[in-house]
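Structures are listed in the sections that come next.
Next come two complexes built around subunit A: one with subunit B, the other with subunit C.
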Partner chain A sequence: MAQLPASGLAIRRMSASSTPAPGIRSEGPEYAKLVDISRCIGCKGCEIACKEWNELGIEPTENFGSFQSHRDLSADTWLLMRFTEVEVGGDVAWFIKKDACLHCAEPGCLFACPAPGAIVQYENGIVDFNQANCIGCQLCVSGCPFDIPRFNPATRKVYKCNMCIDRVEAGLEPACAKTCPTNAISWGTKEDMVALGERKVEGLRARGLANAVLYDPPGVGGTHMMYVVPHGDQLDQYDLPADPTAGAGALAMLGTVRKLGASALGLGLLAAGLHYLGFGPQVPEEDAK
Partner chain B sequence: MTISRRDLLKGTALAAGGTFVSALGFDLQPAYAQSRELKISGAREYKTVCPYCAVGCGTIAYVHGSGGLNTTRSVIHVEGDPDSPINGGTLCPKGAAQMQLAMSPRLEHSPKYRAPGSSEWEDVDWEWAMSWFARKYKDARDATFVERDAQGRTVNRCEGIGWVGSATVTNEDAYLITKTQRAMGIVYMDHQARI
Partner chain C sequence: MASLAASFGRGAMTNHWKDIKNADVVLVMGANPAENHPCGFKWALEARDNRGAQIVTVDPRYTRTSAVADRHLQIRPGSDIAVLGGWIRKILEERLYHEDYVRLHTNASFIVADDFSFEDGLFAGFDEATSTYDRSQWRYEMGGDGFVRRDPTMENPRCVLQLLRMHYSRYTPDVVASIAGCSAADFERMSEIVCSTGTAERVGTIMYAVGWTMHTVGTQIIRAAAIMQLLLGNIGRPGGGINALRGHANVQGATDHAIVAGSLPGYLTMPTPAQASFAAHVAAYTPRPLVERTVNYWTNYSRFMVSLMKSWFGESATPANDYAYHYIGKPGGDATWLSMWDEAHQGRMRGFVALGFNTLLAGPDVKRLVTAMSNLEWKVVIDPFLHEAAEFWNAPGVDASQVQTEVLYLPAAHWIERGGSFTNSGRWAQWKEAAIDVPKDVRSDTWILSELFWRVKELYAEEGGAWHEPINNLRWDYANPREPTLEELAREINGYDLTTGRLLNSFAELRDDGTTSSGNWIYTGSWTEQGNMMARRGTEDPSGLGFHHGWAFAWPLNRRVLYNRASADADGEPWDQTRAGIRWTGSRWTGDVPDFGATTPPDGAGAFIMTEEGVARLFTTGLVDGPFAEHYEPAESPTVNILHERVSVNPTVRWYDGVRESLAQNTEDYPYAATVYRVVEREHFVTSHVPLLVEAMPDFFLEIPEGLAIEKGVPNGSRVRVWSPRGEVEGVAIVTKRIRPLTVNGRTLWTIGIPVHWGFKGITTGSMANSLTPFIGDANTRCPEFKAFLVNMEPV
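What follows is the complex of A and B.
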């Protein structure tokens, strides 16, 4: 068990805010989840544990020809086990994906968010939505390379997995990781999880799964939920983007554009001030006579 | 109220200045955050056993409320018991949702009795139910007790009653059940998980 921050959670990044990271002291390690897809038996215990701990609403399930409980994530379903039947080498393979926030080191949602403090990245790597500051614009949804955040029309806020930040801060592991009966979800420091993931990948390769990979995409600076993918050559079938990047297109520029606009405003003001100092106030013509 | 052209310009300049300053490196957001309070921090822990299958996973039930005259004790969270050698803190989806059993509004709190020939269940009190059960048990045992088998050997067994144990009984419960039922001559004892 890694050491815990002495008091409060140090913030690394905050949406729409230019406050620099404190960087005064080290706040302990970064945490990460490692999901070993080859060990998952598809029991969906993690889904239930997530709902139970976070007190998310129960949504009716429907049978649509899959083992999957719901069709999609929602504001009340932060974690969904997705099941896909794929043909691999003339045989059927059952692809399982634990679909939830990956907690990117460079979070596209945070870069896209225009509401100060609505999205926060802690020093421990967890990306958290603070609904009190959310303005419901849903830019984070378009900013996310993994299509994770979900909008609730009733509260007009966006929700997603917060890696049980309340539990993590109290020295407990996230609810999904704790409940997993096959230990397919491991949880620990990012370093340990990367090392463990690499060992697992080696093991899978030795077992004949030559394409096994550790999914920790560098395009978003690495993630704090990583996957051990047995069939790494078929990432698209797992619904995992091969090379995700933080902030698609113009969204990544939002922060820069915002600063440019503010600079133009400031320079305009400055020019007006200098003009006043140089030429004095404009006097109406009838007064001048 | 009238706003002169000059006032309007002043106000606009002030607002623009504020926007400029806040967008470029000055804001009062804290650099540290307080996360949500741990919801089980004020709860009492009760170690218990999952009521569903025969694996018998150890669980911890977190309970709020003092049980005083005006409060109701209620389970707010259940999760696996890391000290249990059976599950080491893990739980399957059914076990992870077991709080819903304890807190279900449809949970029955009194014994139910359906009289012979009746189609209705009725609420009865525990005392009535226990004496009814004891009467039936005694009658059935008296009617089906076998002292000697066909070869004349003493067997002292009761063949008309079976006893089915539950996955939630502890070792101690199981010991007591075996002890009392053997004393009554019951030979058909089984476990829910085998059925």
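What follows is the complex of A and C.
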């Protein structure tokens, strides 16, 4: 049995495992984070809290012509505030988005991962990477429809936001939600956060933002980080795919190939193939349940 | 702050942070709270999301505040009075003002004497030789009863309201647009929102900060805002006010405790050489009432002043010796930032002590400051960090071998290593605990200042010397006289009944017979026999309006909204029942702590208890540069003043030696407007030593408008050089759509944005923004004009 990072949490799915692991079963709610972009001022408090709590490294960085701290996410930057200037109806607008793992209900990374127990989805909705079991193949990177996981060439492992699972297990909210000065990040049960998100969207529409939406894409079964998006007609400008899919079914059909992948043979070839499959049309899948 | 005192009677944010949630319109102008006050800014978002309030920004840049606002208007740096004047005109012309409020709570009906005038950019009484006004020419007409003549109909052409209407009639949308550079249509769209709160049912607030104060007309910008808010009836009401957002956690506390030159604790006034006796001093600041039935609270000046002297000199302050009045200095000169460094620049200053202040990066014209500092014999820097001001000889371009100044650096504890209180923008004094220990070999400010005191005292004992009495008679009865505790100091500030030793509850208990002491009368009640009121953490809020009387202590007297009598009408009924500040029950006032006699009936006195008029001032003699705000161009401007070419710049500014020559002489060489500001990732200069914050915003940058970047061939992320006649900076270009071209006086104008956080110390170094800024400041406060100047730019 693969070694697991968090002990007390019930597991829903594990990578490269056809049956759920015998975890400790608990009746707990499914949690979610709601990011209200209309309240976000891009202060990067969350970005810094993430680094502090998770003891991530400070990266040498430079201003590249943006208010953004880094060009991209990395193994040491799991959360990045992205700044995009756009025009909306002749006026300038500044789209500021908290970019980090969305914790899909149907996690493409997990489905793509050939290493048993390297990626775990808990019953509470958190998708966590267990670096002890990671073989560094980066198939999760290809499997993610949001382009989130990042490979560290030094450790040869892949990293991403773990929703501060250690805090959540202790009954606390993630560090980003705790630190947000404008209450742009809410934390609660998925059910409550969907309801809150819908209320917020209604409020924005009443204020004249007719295209406001709650971003909780069904193609990945919904996510455990959702966004309230003021300009839902411009999702591309927020770098949010309009209809992301996990492609889990397509990947599941390749069960034997996946085992082959786990033996670390022909990975490059597979990566290319699986990348296509990962973004292909979604097929109802049975195996992973 | 000078402006708010001149308008309302006290120089402080009228409302408080949480109260912003009660607003219907939040005008953010001269501020960027999302960037500089991110925690407090959430209350604006609460107003927006819970009340449907509109948040609007008016700024030279589209900012992070604009990103969550409903509407943004881009204006030229330094054009704020034109914009505010345009709104005042609209409010008056279209009768959008809250008429009952204006009649009851302002001096709109007061008649002004005939000698007042305004012509070609000058008010009556201007003296060319001294560049000052004889303010006695801006006075009210007095009636036979010794009080001001008034016209309740406000129709008299000499009444304040009509003079105001005449003054601002010139500020038409086209004039505003030509000065500010925006389109008249965009200005009018913004006007519809800003001028919409002049009714009993609606309230608007203003959030401003140093984007308003840092101009040669800074005080008058805030005056214009005060006039507008008074016309709209927004002062004293929950959800209203003029909210001065302070740039550090304790700026308000520092101001309350006399950090401003010319001020004593609690906004008492520093004596002048002409005030030879205590009685003369007190008489100068004890105003006569101008109307019948006015509280005119400054008549208590002597009680506050005597109690202060008793706090400082104890038994040595007696009625017989004028309460030791002769112990305190009576500086004749001007000890403001600019004037002080001008003295040093001219070689007239020997030494300087900088306590918690990066004096090199925080002032304008760094090159001039280096010269000034090099003229000092010695400089002491007391600070947690060995910063640029402690190593000014190491500044780029300085030949250290030519600098003879001896610099002493004393490592001091950071506030995070100390307890004590912070007073926030909303006047809440909140007690805090030290978060971490003071490092080895580092001392607290109180230790350092006590040691300094003791060593001077010891020197007097050993060597004797002139004027030793103030030092030898200073009251110093602390448990450990070498390091008083902050608790001891806080109790001393609160004050005692000296006959019983009891801590006082209220400044109403202060006496001018020597039986009470108080280190700062406005803080009386902050530490009583019941304990440390600043440490209270009650979260109850029965009104739902966010008063939180059980949380910390708000000066004065735990009052949360200043001038709250004006939240009610002539009968003491709230203008808006859902947002009642205070309400008259027939025998007393309920709600917030009343800014009024607790049992004084509604018609017993005017609502503004700190003014001798009893009402707020649309017209004031309190400022040196005019009773009404008038648009003057920045000292360094891309245009002549289209309102009055011959008086383009504020005529009362002080021109220091050589400053005229240090300004851009034409717009060919310096074609772009520029302004400086902070970013949220950094806190002034201190955080350049904090790795995570440096990572979040690593390098000095320059914001270049997209159109200008294309014109000059500046790709995003490339390096550019920006210079003024005073210096230059170089950094990464952030090419942005958020700054658009303006059309000022018929000509296209680009604006360049420059952040202030970098220097030659810290984890990442970078150009000093203040290498560029001009050495000139506000006519009233001398606050430097950091916010509007001219530059040129080229790709590197």
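Following the convention adopted for this analysis, the second predicted complex is superposed on the first by the 232 of 289 C-alpha atoms of A that agree within 3 Å, B and C clash if a C-alpha of one lies under 4 Å from a C-alpha of the other, contacts with A are read in each partner's own complex, and residues count from 1 in each chain.
By definition in this document, a residue touches a chain if its C-beta (ideal position, glycine included) is under 8 Å from a C-beta of that chain, and two chains touch if they have at least 3 such contacts.
Not measured: the values here are computed from a predicted model.
Chemist: Which partner chains sit in contact with A:L102 here, subunit B, subunit C, both or neither? Use first/second/both/neither.
Modeler: A:L102: touches no partner chain.
Chemist: Quick one: classify A:G65 as touching subunit B (first), subunit C (second), both or neither.
Modeler: A:G65 sits against subunit C, while subunit B stays out of touch.
Chemist: So in the superposed three-chain picture, is A:I165 touching just subunit B, just subunit C, both, or none of them (first/second/both/neither)?
Modeler: After superposition on chain A, A:I165 lies in contact with subunit B alone.
Chemist: Would you mind checking which one, subunit B or subunit C, touches more residues on subunit A?
Modeler: With both complexes superposed on chain A, more residues of subunit A are touched by B.
Chemist: Which holds for A:K178: it touches subunit B only (first), subunit C only (second), both, or neither?
Modeler: In the superposition, A:K178 contacts subunit B only.
Chemist: Touch test for A:S17: subunit B only (first), subunit C only (second), both, or neither?
Modeler: After superposing on A, A:S17 lies in contact with subunit B but is clear of subunit C.
Chemist: Touching A:M225 in the superposition: subunit B (first), subunit C (second), both, neither?
Modeler: A:M225 sits against neither subunit B nor subunit C.
Chemist: Counting only touches as set out at the top, which of subunit B and subunit C does A:A118 meet: first, second, both, neither?
Modeler: neither
Chemist: Applying the touch criterion given at the start, work out whether A:A206 contacts subunit B, subunit C, both or neither, answering first, second, both or neither.
Modeler: After superposition on chain A, A:A206 lies in contact with subunit C alone.
Chemist: For A:A32, select first, second, both or neither according to whether it touches subunit B, subunit C, the two together, or no partner.
Modeler: Neither: A:A32 stays clear of subunit B and subunit C.
Chemist: Counting contacts the way the document defines them, which residues of subunit A are shared by the two interfaces, the one with subunit B and the one with subunit C?
Modeler: On subunit A, the residues that contact subunit B in one structure and subunit C in the other are 43-45, 47-48, 52, 181, 183.
Chemist: Which residues, counting only subunit C, touch subunit A once they are in their complex?
Modeler: Against subunit A, the touching part of subunit C is residues 34-35, 38-39, 41-42, 45, 48-49, 52, 62, 64-68, 70, 72, 679-681, 691-693, 695-701, 715-718, 731-738, 740.
Chemist: Using the touch definition from the top, list the residues of subunit A that touch subunit B in their complex.
Modeler: For subunit A paired with subunit B, touching residues are 7-11, 14, 17-19, 21-22, 43-45, 47-49, 52-53, 116-117, 120, 122, 128, 130, 165-167, 169-170, 172, 175, 178-181, 183, 258-259, 261-263, 265-266, 268-269, 272.
Chemist: Would you pull the subunit A residues touching subunit C in the complex into a rising list?
Modeler: 38-45, 47-48, 51-52, 58-59, 61-67, 69, 85, 87, 91-94, 96, 181-183, 200, 203, 206-207
Chemist: Which of the residues in subunit B end up touching subunit A in this complex?
Modeler: 13, 16-17, 19-21, 23-27, 29-39, 41, 77-80, 87, 89-97, 99
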